[in-house]
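The structures considered in this document are given below.
First subunit A sits with subunit B, and in the next complex the same chain sits with subunit C.
== the complex of A and B ==
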């Protein structure tokens, strides 16, 4: 199956007054057509910056992609001009953001906004664009879509707004859909509908999905492959079923074990000691998780562990759990 | 019974026009009853806008309820004035959801912790402040720093220490972990459980995350648009959810096993507006098992089995 997105050794740094924040520091991943990659991690681990880098939407200054390659539908996008990039956004890759409340423009009707997306990126005229907008708003399950097109975002509920966002992102049939915490702001009963919708739409448009979330339940439900990020680096990746059943990295282990669903009432929850570091505090030349790791050995403090293949497409970066360099 | 809430109602007027005339009421809380025993944790779950936070705010009397009674140690505090409330607040404190917005950014931590006792007319000594920091697992030096110097989890610890400063016996925890990362969430949940055992505290734990509530609560009440829909012991509720809303809620939680995806069942429709709701069951517009009589008049709250209640015509 063909690869839609390939990221190689991506480094996105932020040059701030307090120093250099290495928010994304050597991330490599790839997604195939119709595949869904779940990118998991806690706040500040760089997962959203990875996504913004793919669309070249990192606020600059202070942010800058300093190294790496991003190949989207067989085109290296870091060398494309801004105009060329604008062409590619929407048609090749589009994004659904976390907050449907603030990602829609409050002074235009939702119909106009979806229509605008179509017109900017294609040669269609108004009537045609309107037809496409209506088609997709209907597809994403907005009841009475024709009437709803004339409404403003504040007249829609959160779930409906997120549906509009998805319609807008998919109406140009992009090869890649990036969904950054698409359901975090929504209630679970609404979340279920949105996740289902994303899957159905993926069936139809054959898009690859990069799904960013901190919610392991959402990952379990949606993803084929998972990459776990900590402090700007991928610490473990592999097939979704493998990671959930045979996680290796102590950080992944901590994430799973600290979920309240697994312990019984009265039983202590497993905790990862310490705090989530901010990008300015990321440690150089060592395992960035070592201050919080129960297994840390001397080597973890002086040398950075590489991401090694431990078999079956399962990769892990840990001196203790994946010490030997396996098959490349 | 330590806390007994009976038929609590909280209506907010909706005002419109130049004269700001009242054109209707948001029935945020409409006839909620629940009770909490000493040392017990009761979970109040529901989706955003269902009124669960309003219930919490009424109980600590940050709001004066429209109707109903709140019995705390047999004293009805629903209608107390501010003087009498002071004594009551010594017993009852609240931990807030947002660890960023609930601490005064201009006060150092030791002042934040000493403020409660000071209002109660006591001097909070340095050793007491130090003790509070110990209790919640923060270093003593934290007292001289400002809230912005701390991470979300540490700030939530400060919020808990502030609540404990006046030695309360009851805490209303309003989504205390929902703004935190998973790895930090577990730390705070463990802390709350330790504190409960150590100081024999009672908790009303308001949250939307069912797995968190399942872990911490002895009993759970499920709320939907101002009404309690179902109430049972934690194990019983998860083993035998009766109300179609509770069932839908459980069915929409993703399982943590990718090998056995159940395919999420989504509810159709949006929740109705709580402004002057139509009579009958408030879940009727989304309920997969809705019947004619669901839309007629008040739905009674009936006993399904011992200690298990549901507001649904299926169990009449």
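== the complex of A and C ==
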């Protein structure tokens, strides 16, 4: 099937006063049409920067995409002019952010903002834009959408706001929707509804979804494919079912072990020891996970493991669990 | 039900009786100023004239030969019965001109001086403040340099210099005041823009493909506009008073234009003769207008304060 997004060896660095932060350091992934890729990892692993790189929204300076290829709907976007890029945002790819509370402009009504999203790229007049806005607000499941359009963001609940954000992101039928932790800031009771809505909307608009989350539950619900990211690199990727059944990388294992459902009552929850290092301190020439890895051997400290194919579309970068087997 | 921020602000102000009183006083003054704008045509031997306003028609009194105290009758030889329109309610000044009429003529000048420079200043402040805050980098440096230099020159010196170069007149005075008074607001807008531009809704709009101009004027400007409204109401009274001060030091509006400053200035010749009503008339109106505006501005600032927005 055709690929909507292909990222090849993307490197996004931040040139700060304290040194170079290699926030994204050689990430490759691809998403098929109507597919959903879950990008998992702890905070500070470079998931969001990867997503922002796709839209070329990395704050610059200090950030810069220094190498790699991003092919979005058959266009190499890193060689497009800024104006050309602006034309693509919202039309080819758009984004839903984590924080619905602050993602809507407080001084405009909800209707005006969705209308505005329609009118950024199209020459529709206000009444036409209003119609489209109403249509999409209804589609995303906002009850009494016509009345709600006259309301201000502070009058809506978090879940409703996230629905509005999704309507704004999808009203121009982009080929790719990037969802950066779309349910993290919401009440648990609302999360499932938003996820279902994203799936329904995906059915309807045939958009591919790049879903960023640290919640493996969300991944299980939504994704066909999973990529696990640690310290700017992808350490494991594959079909969702494969990863859930036979994950290899010790970091993935750590993520699974720290799920609350897996612990028995009364037992302490598992935590991966240590923290994600700051992007300034990502170690060169070794496995970046080695200081926190329970399986680390000597080789992990002196040589970086490559991402190797272990069969069935399953890739893993680990000297212990995937020692270069399957490498053609 | 949905309520815009404007409606919320109005509702809050309505609860504040002092602000309402202030607003009524402002309206009354504005009405007088408006009367002084509407021309009432009249015909004489020379043809049709439009140089007389409704205020002239209603309040102009004949010029006497000398000063007279409040409630004096018009005309040295006036033998008419006691009637309101034949009285100098506030007396006449040392030149025999009616004090009430002069004071009322000053209202329009006060409004022009209070509003036009603000519009000019707001224009500079908004454009430069937004650009500096949004783009940062060298744009910010240049704009900051301009206003640092401007604010390092004593305002009054700059004003006098500008007014000396330009011809004397009310519009020139407005331009000079406008050009010298945008720095404070510009700083505020720059700071607020710095804050707003990193808000998620701006980022979200950018992710939807909005251009810089759209982000600046559709997303950021409406969120800093409250500063402009507050600053304008707060600055109004300062500007009205500065007219009096500038006229006092001799660089104010041209003679023939109503001016409280000139009325106050003539006190140095009048007070030794016991003529207190000219000074009082002008000062009371000035005081009333400034007080009313300050009361209203205070309430408006509270009402528009984004930290209190939800209530």
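A few points about this structure:
Please note the rule applied: the second predicted complex is superposed on the first by the 319 of 328 C-alpha atoms of A that agree within 3 Å, B and C clash if a C-alpha of one lies under 4 Å from a C-alpha of the other, contacts with A are read in each partner's own complex, and residues count from 1 in each chain.
Definition applied: a contact is a pair of C-beta atoms (placed from the backbone, for glycine too) under 8 Å apart; a residue touches a chain by one contact, two chains touch by 3 or more.
Model, not experiment: these values are computed from the prediction.
Aligning the two structures on subunit A places subunit B and subunit C side by side, free of any clash.
With both structures placed on the common chain, the touch criterion links A:133 to neither subunit B nor subunit C. Vertex at subunit A: the C-alpha centres of subunit B and subunit C lie 80° apart in angle, rounded to steps of 10. When the two structures are aligned on the shared chain, A:241 is found in touch with subunit B, with no touch to subunit C. In the superposed model, A:151 makes contact with subunit C only, not with subunit B.
After superposition on the shared chain, subunit A has more residues touched by B, the comparison being subunit B against subunit C. Shared-chain residue A:21: touches no atom of subunit B or subunit C. Once the two complexes are overlaid on the shared chain, A:104 sits against subunit C while remaining clear of subunit B. Taking every C-alpha of subunit B against every C-alpha of subunit C after the fit on chain A, the minimum distance is 5 Å. Once the two complexes are overlaid on chain A, none of the subunit A residues touched by subunit B in the first is touched by subunit C in the second. Interface of subunit A with subunit C (complex): residues 55, 57, 86-91, 94-95, 97, 99, 102-109, 116-117, 120-121, 150-152, 154-155, 165, 168-169.
Interface residues of subunit B, counted against subunit A in their complex, comprise 47-48, 151, 153-154, 181-187, 189-190, 193, 208, 210-212, 214-216, 218, 234, 248-249, 251-259, 261, 263-268, 270-271, 286. Only residues 2-5, 199-201, 203-211, 214, 218-219, 222-223, 306, 309-310 of subunit C touch subunit A when the two sit together in their complex.
If you check the complex, the residues on subunit A that touch subunit B are 42-43, 157, 159-160, 187-193, 195-196, 214-221, 223, 240-241, 244-245, 254-255, 258-263, 265-266, 268-272, 275-276.
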